[in-house]
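Labels run A, B, C and D following the written order; every chain starts at residue 1.
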Amino acid sequence: MPDLSVNIHKLQLKNPVMSASGTFGYGLEFDDFIDVNKLGGILTKACTSKNRDGNKYPRMAETPSGMLNSVGLQNKGVDYFIETIYPKIKHYDTHIIVNVSDSTVEGYMEVAEKLNPLEKITGIELNISCPNVKEGGMAFGTSCPMAGTVTKAVRSVYNKTMIVKLSPNVTNISEIAKAVEDEGADSVSVINTLLGMAINAEKRKPILSTITGGLSGPAIKPIALRMVWQVSKAVKIPVIGLGGISNATDAIEFLLAGATAIQVGTANFVDPQVCIKILDGIDEYCNRHGIKNVNELIGALEC
Amino acid sequence: MPDLSVNIHKLQLKNPVMSASGTFGYGLEFDDFIDVNKLGGILTKACTSKNRDGNKYPRMAETPSGMLNSVGLQNKGVDYFIETIYPKIKHYDTHIIVNVSDSTVEGYMEVAEKLNPLEKITGIELNISCPNVKEGGMAFGTSCPMAGTVTKAVRSVYNKTMIVKLSPNVTNISEIAKAVEDEGADSVSVINTLLGMAINAEKRKPILSTITGGLSGPAIKPIALRMVWQVSKAVKIPVIGLGGISNATDAIEFLLAGATAIQVGTANFVDPQVCIKILDGIDEYCNRHGIKNVNELIGALEC
Amino acid sequence: MKKFIHDFEVTLNDKISNDCFVLYLKCPVSLPTILPGQFAEILVGNSSEAYLRRPFSIYDVDYQKNELSLLIKEVGKGTLALSKLKIGETLNLVYPLGNSFSIPPGNKALLVGGGVGIAPMLLLSKVLNEKGKQPDVLIGGRSKNDILEPEKYTVYGNLFVTTDDGSMGEKGMVTQHSVFAEKISEYSQIYACGPDPMMKAVAKVAASQNIPCEISLENTMACGIGACLCCVVETVDGNKTTCIEGPVFNTKKLIL
Amino acid sequence: MKKFIHDFEVTLNDKISNDCFVLYLKCPVSLPTILPGQFAEILVGNSSEAYLRRPFSIYDVDYQKNELSLLIKEVGKGTLALSKLKIGETLNLVYPLGNSFSIPPGNKALLVGGGVGIAPMLLLSKVLNEKGKQPDVLIGGRSKNDILEPEKYTVYGNLFVTTDDGSMGEKGMVTQHSVFAEKISEYSQIYACGPDPMMKAVAKVAASQNIPCEISLENTMACGIGACLCCVVETVDGNKTTCIEGPVFNTKKLIL
């Protein structure tokens, strides 16, 4: 049995397989299909300072080997999360990391500060890369000063593990990664969705109510892998890789490219058991290749 | 019969369907499969000032609904093009546009200047977005000043139609488009490939000799469509749309998003007759929707 | 209700009209209870183009044979691939999903289906019949060919038909059928599924008569299990997920 | 040579070993002449994962029946999907592609194939036989099961076999076979296709004996028709496309 545990800053994960924010609900939605406790961690859907209704329907469009979404951070706000959702999920024996979003720096700070005391929330993931909100969101993630500012502000009110989730919609993602590392990020998640668009040619209308949306799924895997490779060479903090991961081979590619852990997003929709299959597949790969500790694979790409 | 002709600056195209650079050879490779003269235009593979061997094999990797390539501008140089290739292709009764690349501004200028007198080369496409060369290439396309500089320099020596092909690997593609428009571009092609990477997990090695390569094919269509939509709202010059177009519906989506013409790339590998099928499909769509002139579709998206 | 993921075996792919077919699928284990209005998310394994699962209402259930069936209309790449499935091939289902139609307060109910929207009405009429209720089924279509397997409903109750061209039943839209003029007050609940304009028309009549009305929505879905929030519908209580809190909604709650 | 694109019909999918199968494909029109060493680019229509075409050597041609066949080893997603093709299904081919093996200057030639690399040697041995030449075929494999359809070659010439485990023919690698020790000087040309180390070993012996040697390369390809420049191989005359200027190369021209 290979040792699959990895460390993201202070968090020791049982294994490198986590679920991605916005694609796994609060974990509960998957209880019928898998034992959520087996995962290295779960990233909850975005949590904002106030209730948000999200964008108008339609919010998704299928694309070749992927999908666009424009959910737009729908959630009932941090207070509701603490009062109503947290009690339902705190029994999970895995790291529960809350994805924190907002339109203002103050909003981010408010959410982080309120989450800080929750014992079973062992970390937060700052979403500075959501392409589906008019204000804030991706704007924070596409310039170094903005990314640095929000990271620094949240750092000042949050003392557990803080991961910053980066936007791929930039010329130089390594620079942004370094900016957030400098301001105190403990880890970076690479990548959020790519801004895309879908049109119904017959109706001559955009398919999404928001015209553009975030592209995810296998289609973006080559881009995500490249960015994980670039960022892991640029920063010292651990990188969490995601974007299109659908099977164990994909996951191992991300580890080899430099990711310490991975997240599985859209693939959960296609196969609600995929996270466990990936976990089993990593185990099988390690056994087959005589790898005793999964850390041997991290960044082990031979170029 | 709908009127399918469109204008890109001074060029009147029979129809909006062109073949993309690097995916259609010099047209000759497709003579066995289609009547190349039926196309609106063909974009030749990249032409540089000197002979280039390109990158080492392996140069391609399949990805979900797409592929990565790292050909690296292999060609025998502009003099060879003029002496040996031009005589073989000048019989084509369609616009032949040469894709111009290089590592230096002087190199771009040299190629453009030498091509200027060729009667049947009715335009050039400046490739400031090739991700597969160490020097120049994409670097020219990812900053406004660089993009502006090379455009201006080539403009000073070339007086026919000059299209500039933009890189999608940027935070704000509209800005780059405006920069090249300001410096005299007659049109922009949107988009070149996205920088990606593929790994062989079993061998723990990158698949491409260059580690990273350019992603093309249906996978990138949503991103390309979004960029065409953004750019066409930002500039006044005509936009040529490409990226993942595989059938007539895709092509029409790009026209609706604001493209005056489209290019078909990777899809030619999957179906060497696809350009003609797209052309027929656009004709059929216009007939079915009672569209007399294809220009009615351009930018006709109802948002 | 617990959800399952199983590989079903195709025991029959029955083409019932020009563009509609019924898939009969055998469950490898004992079928769980499936309520009328619930649906399944199908993995289209044999298509190179359909990436996400596709949702379909459960058309009928045969607990004895351990089979369920789906009534599917070919409208695009996924349904095209499904139409080509052969006996013995397997199909992966996540099911049973969503809420379900409620039992009517009184004895009689009217079930209205337009085109392939009729799918959830078969299991509903069967279950209502089993519960001693009297389901009247009204099917509307453009022409005779759109009235799919009408004989299946007469087992459980009365059948009424409208067609736009009058080739079967009464001519006109469903809400123009004489049951609306003559019998509407007899019904304690109305159910509808089909094209949006049809459902709106039915909901309007129901509201005017003060009869509770439930409709089944077909919002596009990515996950079907409440994880993605893509399938929302606006209700008087805010956005609701169609896949968990629907697909069945009381029309009073919807902003139509 | 003119290239074609046609929908072929599968007339047989013959599983000949654990992981190899032969597809027999009927052409809808008259088959053009196909030279030994040429290949086809196949569209894998029944896989959701294989996007680009897959190249395969033409194994055999039957002009009378208007059929060609492909010998395929299952190594990944595309070949897995092809292995499932059934009689009557169609397969789209772009063909015939590439150059071809040259006719040997003298009378005798040695054709060496390793594993599935043997594929182009069947048509070559047939054509050489038709031209009055004497093809000796040497097949190497790990064990007996890797020696695919050996009986097909004996129609056209002598057959020799080596296996790593000695389960068939002589034990050892192809270049350790006694033909190399005893008869090598009789051959006016050597042909090889198979794993890289095998081809290199054969090329080395050929060079040492000053016998012309041609090998067939299997570089990964995107287009197969010279349009993408992805398939290049380094030669003494610079980069050459494997799909147009190959797949057959004289080993003297390659940088091995």
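Quick note on the criterion: a residue touches a chain if its C-beta (ideal position, glycine included) is under 8 Å from a C-beta of that chain, and two chains touch if they have at least 3 such contacts.
The model shown is predicted, which means the values in this text are computed figures rather than measured ones.
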{"item": "Mutual neighbours - chains that touch subunit B and subunit C alike", "value": "A, D"}
{"item": "Chain whose Cα centroid lies at the greatest distance from that of subunit A", "value": "D"}
{"item": "Whole-Å separation of chain centres (CA-atom averages), subunit B against subunit D", "value": "36"}
{"item": "Inter-chain centre distance, subunit A versus subunit D - centres from mean C-alpha coordinates, in Å", "value": "47"}
{"item": "Chain centre separation in whole Å, for subunit B relative to subunit A (CA means)", "value": "34"}
{"item": "Whole-Å separation of chain centres (CA-atom averages), subunit C against subunit D", "value": "54"}
{"item": "Per-residue multi-chain contacts in subunit A, two or more chains", "value": "61, 63-66, 217-218"}
{"item": "For subunit C, residues contacting two or more additional chains", "value": "49-51"}
{"item": "Pairwise touch network: line, ring, star, complete, or other", "value": "ring"}
{"item": "Pairs of chains in contact (touch as defined earlier), listed by label", "value": "A-B, A-C, B-D, C-D"}
{"item": "Footprint of subunit B on subunit A - complex, ascending", "value": "61, 63-66, 68, 142-143, 169-171, 194-199, 201, 204-206, 211-212, 215, 217-223, 225-226, 229, 244, 249, 252-253, 256-257, 285, 300-303"}
{"item": "Subunit C contact footprint on subunit D (complex, rising order)", "value": "45-51"}
{"item": "Subunit D to subunit B touching residues, read off their complex", "value": "2-5, 43, 49-53, 94, 219-234, 238-239"}
{"item": "Subunit A to subunit C touching residues, read off their complex", "value": "22-25, 29-30, 32-33, 45, 53-54, 56-67, 69, 71, 74, 217-218, 266, 268-273"}
